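First the structure, then my questions, so here it is.
Letters A, B, C and D mark the chains as written, and numbering starts fresh at 1 in each.
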Amino acid sequence: MGERGTRSLVEGMEKPASRIDDVPEEKVIRSLLDNFPATVTDFKKLRKGVIRARIERRDLYRCCKFLRDHLGFEHLSMISAVEYDKRFEIVYHISCYGSCLLLELITSTPKDDPSVDSVASIWGGANWQERESYDLMGIKFNNHPKLERILLPKDTLYHPLRKDFKGGG
Amino acid sequence: MWINMGPQHPMTHGLWNLRIKVDGETIVDAEPEVGYLHRGIEKLCENRTYTQIIPIADRLCYGSSLTWSHLYCLTVEDLMGIEVPPRAEYIRVASIEMQRIASHLMWLAAYAADLGAMIGFIYTMRDREVFIDLLQALTGSRITYNFPRIGGVAHDIPPNFERDSLRACDYMEKKLKEYEDLFDGSKVFMMRNQGVGVLRKEDAMNLGVTGPPLRGSGVKYDLRKDMPYSVYPEMDFEAATHPDCDCYARYRVRMDEMFESCKIIRQAVQKMPKGKWRTVAPRNAPAGTGLGRVEDPRGEGMMYVVGDGTDRPYRLKIRSPIFVTVSAAKKMLVGYKVADVVAIMGGLDMCIGETDR
Amino acid sequence: MALKKKQSTFGFVLRPMKRTGAQVWESLIVGKPNTVLYPYQKLDLPPTYRGKHTLDFKRCIGCGNCVQICPNDCMWMEKLEDPELGKIERPGVDMGRCLFCGFCVEVCPTVAIHETVEFELADGDREKIKFGPKELRDDAYSDKIVEERQKRPVPVLDLDKCTGCEKCAGECPEICIAMMPIESVGKSKPEIALPKCTACEKCIVICPEKALTMKDMYESYFEMPEPRFILKNCTGCSACAKACPADAIYMMEMPGTEKTLKDGKKSKPKKRAVFVLEKCVGCGKCFRACKFNSIEMPGVKK
Amino acid sequence: MNLFQFCYGIIHWLVDLINHLWYWLGNLLPWWFGDFFNAVGDLAASHGNIVVFTILLEALVILIIAVVNVLNFIWIDRKFMGRMFDFYGPYYVGYRIGGWLQNIADGIKLFVKEIITPAKADKIGFYLGPVIFVSSSFLALSTIPLGRNFGIATNPSGLGVPASALIAFAFFAIAPFAILISGWSSNNKYTLIGGMRSAAQMMSYEIPMLLTVASVFLLAGSFDFMDIVSAQHDIWFAIPLALGFVIFLVCLVAEVEIQPFDLPEAEAELVEGWTTEYSGMRFGFFMMTSYLRGYIGGALTTALFLGGWHGPALIPEPIWFLIKAYIVFVVIEWMRWSTPRVRVDQLLNIGWNRLMPLAMLNLLIAASMKTMGWF
């Protein structure tokens, strides 16, 4: 590869595809509220660049698609499932390349029906993380390409991170 | 023909299994399997006090244990709302960058040995020893340091630490040039690396790949720059990127990162202010959530802690960079030869301790 | 940092061979190899290195904080008879399980436990690397090393001598001594806010009963759990005072609780425990010793 | 007096001694038995029998030379590699002679280890693989002379066997067969891939190698090592055939399977290649033989290109030969520890697309030199 080709690629790399390079947190909040007025609630700016929002689970898939396509949140950092007394919370940490913005999107499911829509078709990186949440916490992800146990053996009967599972240690 | 590369195989560097389907010597399908080293650290942490988790967080990754205990301390400090003394921040940054160099050198050792150059293994391990010795003098241990504490670091720096680390940086920069002789100068190495394991930019971004593999695909995304923590905003360095998207690009990014780390160590050691290095951490955390996010040598490390007012965390979730990166293995592997598996998977710097947790 | 090096055909093997040849020159002819012939030559370890533990019997008060903070449950308390010290309780370490994290050293309120640079602990038998307190004992070790944790002098109260005269509270220039009444005893005791204290020793000079003495205490980086006393459950059995390793619990009589016996005499008054929290090391022994749920300690297992 | 005559003399003397005893014993016996006894003695002392015994003695000599050289090679390899890798190498076992005894200690360890045969392996093939590998390599050594009077395959007149170089290369080329057998019969995917790679590699590198050797034959005008070496009395063939020398070295590295061409036993991807399932002394044989083949390679290079035993007469001829072979080996080892290994398609690419045309060119150069009458 010649010198010129390298430089042009580097220059292309300076400006990533993200469209919210210098958009403050409030703008994200506003556009989310405009598009999902009924389901998105409970906004909070935790610290600089970190926003928290809650969303009802029926709108999760559409909201994630909107976030990726229109707001440029192209990187799904982490999916974590937390068990509370009467509900499961699934926390999505979504960020975008090239800007200091992290969105903490929380959706909750009741205990008797722990299932949400899978976002694996939006972010390919969500595939294994959802499998892990299914494995350890027992959350079912609808339309997941291959929802199997990943860390534990295939014939395990329990979901060990739930609070009713008592292990040693 | 399906071939199981692992769980016991020289290529794997740990306990995992890569199932590849080959047609002759060409790979047509690949399927990584992890979970052989699952220790249940997230469940374990729910039964330990906040202090007791620090050595457990060290055990997440044998290659760069200091990053993980630092990440854990950052997370809990976010939950508890503690301010860390500036001297502690500088000590942390210096030690983390040393750990980054040591980790990258260990990667280079394993990578060179995978490609068949034993010479690379020996030289990098020898030079890694310089930084391990520095960290040993600083922390008191060689692999699992248990050095960061909630609200500071465990010790002050030992005498002559500044002089030693500046010397180590000079030595390292000299040695890195020699590695370029050994690897970049060797046509065999270039033949094995260039154009192998191409992961295009869009794929890398979509699959959640972070760290050197992502920067090797031409995306300038380094959390030290993009979402600065600790005292990184005051440091003068650059995030290394390379536009080639192949194994050579990943190698190059890591080599450049070692140069940058030397720069950061110099600045951190020279700018280090006087003062306290540790504050008393409260025993009980408030109810709420804390979030930590660092640039691990292997990618984006992240922890999410939920406190419930007691002295034990209610839930601790760990995002391991390799766990996400290895799920992109199929994208990189298909179409290459069996011998390229070692180059491609070795180029990811697998660490199963943090992948399986 | 794009690479601009040309790849010549001779670079196939010659450039790496040049490098390795230079290394042979360095390690064979000019100098020596980099390695150490291990069993005969050894590397110097830094003094901060964490290896096998030693225990100073005279400093140790047997509080068991080390056992509690150990993440791996590899320590235990052992009851011993010592000719000098009498009946004592001292910790032992199972090196087969030890993480060498050094928390036991950090948490020790009297810095009685240290980690030496000795690391050659391997043995074919698991029982042989379980070190009891007698094998760990090295009373002279702490004099040999430079201690990292700093001492600071603080006034320490002996509640038996204290009469509650409030002179110390009036004398203190930092106003860090406050007189707190002790419930249903009818006395009050001085409580010293240690973070504010500057060790001016004025309270010690003024104290008529010599109840306050200066004592060097080590700074602690850990916030320890504090016992909470519930008066209504206390029976005055003084089990907690016997259990306390730091002598922070005093049994005081409560006037007005004497019962009249059948023969007309009055019995001894009921006692209650009084805590001097400045001395407390947070070990939870009183909490475990109390059979009547009169002491609460959040976060400590019974 | 050459080696054959020397051995012949020893055997002749021994046979004479034993025959005297034998006839004396025969005289004590009754005549009908004594005649038979003497007839047996005459038969045993016949010329053909003595030659057979001589050859056996020579085989013993070659075995001893080979084993001592292999031990030396492993020791040189480990010490040289150690200094290159910035450590001492073998040190404690026999530390007065630089750790030389370490190899013997390792050999004893391998002897004592259990030999495991996989349950589903083809037992005969699994057993035959190392046997063929070792024996063919020893046979290749048998025709290479160490000096003018120190050759094994020589006839009583002191001349070499007419086609000794061809025989050496023929035996040298049996190895892929053994490797393929052992890789296939182990019934393991890695060993199978290793064996197949080995077969492909050796076959594709055999041709350029033999083409360069053909150029040497052309210049020397003979297939005999004796003649080839004496043809180099004035100038080593490495100088006019510099191109061929380089090609020969590269092909040799591929044939002996050391880095950067050690694909059949590529440690990282194919656990240990075709030796994965072997254990104990069977693996020891493989390892010893690979060093033995290194020695053969050095000897072949010396004999064909580096003027054999020619050198100042201060040092005896066989020592000159060994010194040159050792230097070739050390250079190969130096290259070995400095480079990564290439990929299998790149290896075949180098073999067929680069080395083949170059070897043809080299042959052309040799032919033109011969036509010009320079040799």
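By definition in this document, contacts are C-beta pairs under 8 Å (C-beta built on N, C-alpha and C of every residue); 3 or more make two chains touch, one makes a residue touch a chain.
All values reported here derive from a predicted model rather than from experimental measurement.
*Asks:* To get from chain A to chain D along touching chains, fewest steps?
*Replies:* Tracing touching chains, the least step count from chain A to chain D comes to 2.
*Asks:* Using only Cα atoms to place each chain's centre, name the chain farthest from chain D.
*Replies:* Following the centroid criterion, the farthest chain would be C.
*Asks:* Please work out which of A-B and B-D is bridged by more C-beta pairs in contact, and write that pair.
*Replies:* When the contacts at A-B and B-D are counted, A-B has more.
*Asks:* From the Cα centroids, identify the chain that ends up most central relative to all protein Cα atoms.
*Replies:* Checking distances from each chain centre to the full centroid gives B.
*Asks:* Which whole number of Å gives the spacing of the CA centres of chain A and chain C?
*Replies:* 44
*Asks:* Counting in whole Å, what is the centre-to-centre distance of chain A and chain B, each centre being its mean C-alpha position?
*Replies:* 23
*Asks:* Determine the centre-to-centre distance between chain B and chain D, using the mean Cα coordinates as centres, and give it in whole Å.
*Replies:* Distance between chain centres: 48 Å.
*Asks:* Between chain B and chain C, what is the gap in Å from one C-alpha centre to the other?
*Replies:* Computed from C-alpha means, the inter-chain centre distance equals 34 Å.
*Asks:* Where does chain A touch two or more other chains at once, residue-wise?
*Replies:* Residue numbers touching two or more other chains: 6, 10.
*Asks:* Spell out, as numbers or ranges, the residues of chain C touching 2 or more other chains.
*Replies:* 2, 13, 16, 19-20, 23, 34
*Asks:* For chain B, give me the residues that contact two or more of the other chains.
*Replies:* Touching at least two other chains: 117, 119, 123, 126, 182, 186, 188.
*Asks:* So in the complex, which bits of chain B are touching chain D?
*Replies:* Checking each residue of chain B against chain D gives 1, 3, 5, 9-11, 25, 112-120, 122-123, 126, 182, 186, 188-189, 191-192, 337-342, 346.
*Asks:* Which of the residues in chain D end up touching chain B in this complex?
*Replies:* Result: residues 84-87, 189-190, 193, 259-260, 262-263, 266-271, 337-346 of chain D touch chain B.
*Asks:* What residues of chain C sit close enough to touch chain B in their complex?
*Replies:* Per the touch definition, chain C meets chain B at residues 1-3, 5, 7, 9, 11-13, 15-16, 18-20, 23, 34, 45-46, 48-50, 69, 71, 99-103, 106, 115, 148, 220-225, 298-299.
*Asks:* Sort out for me which residues of chain B touch chain C in the complex.
*Replies:* 48-49, 51-56, 117, 119, 123, 126, 136-141, 144, 146, 149, 154-156, 158, 178, 180-188, 190, 240, 242, 252, 256, 259, 278, 280-284, 310-311
*Asks:* Touching residues of chain B toward chain A in the complex: what are they?
*Replies:* Spelled out, the residues of chain B in touch with chain A are 34-35, 38, 40, 42-44, 47, 203, 205-210, 218-221, 226-228, 241, 243-244, 291, 293, 300, 302, 304, 306, 314-315, 317, 319, 323-324, 327-328, 356-357.
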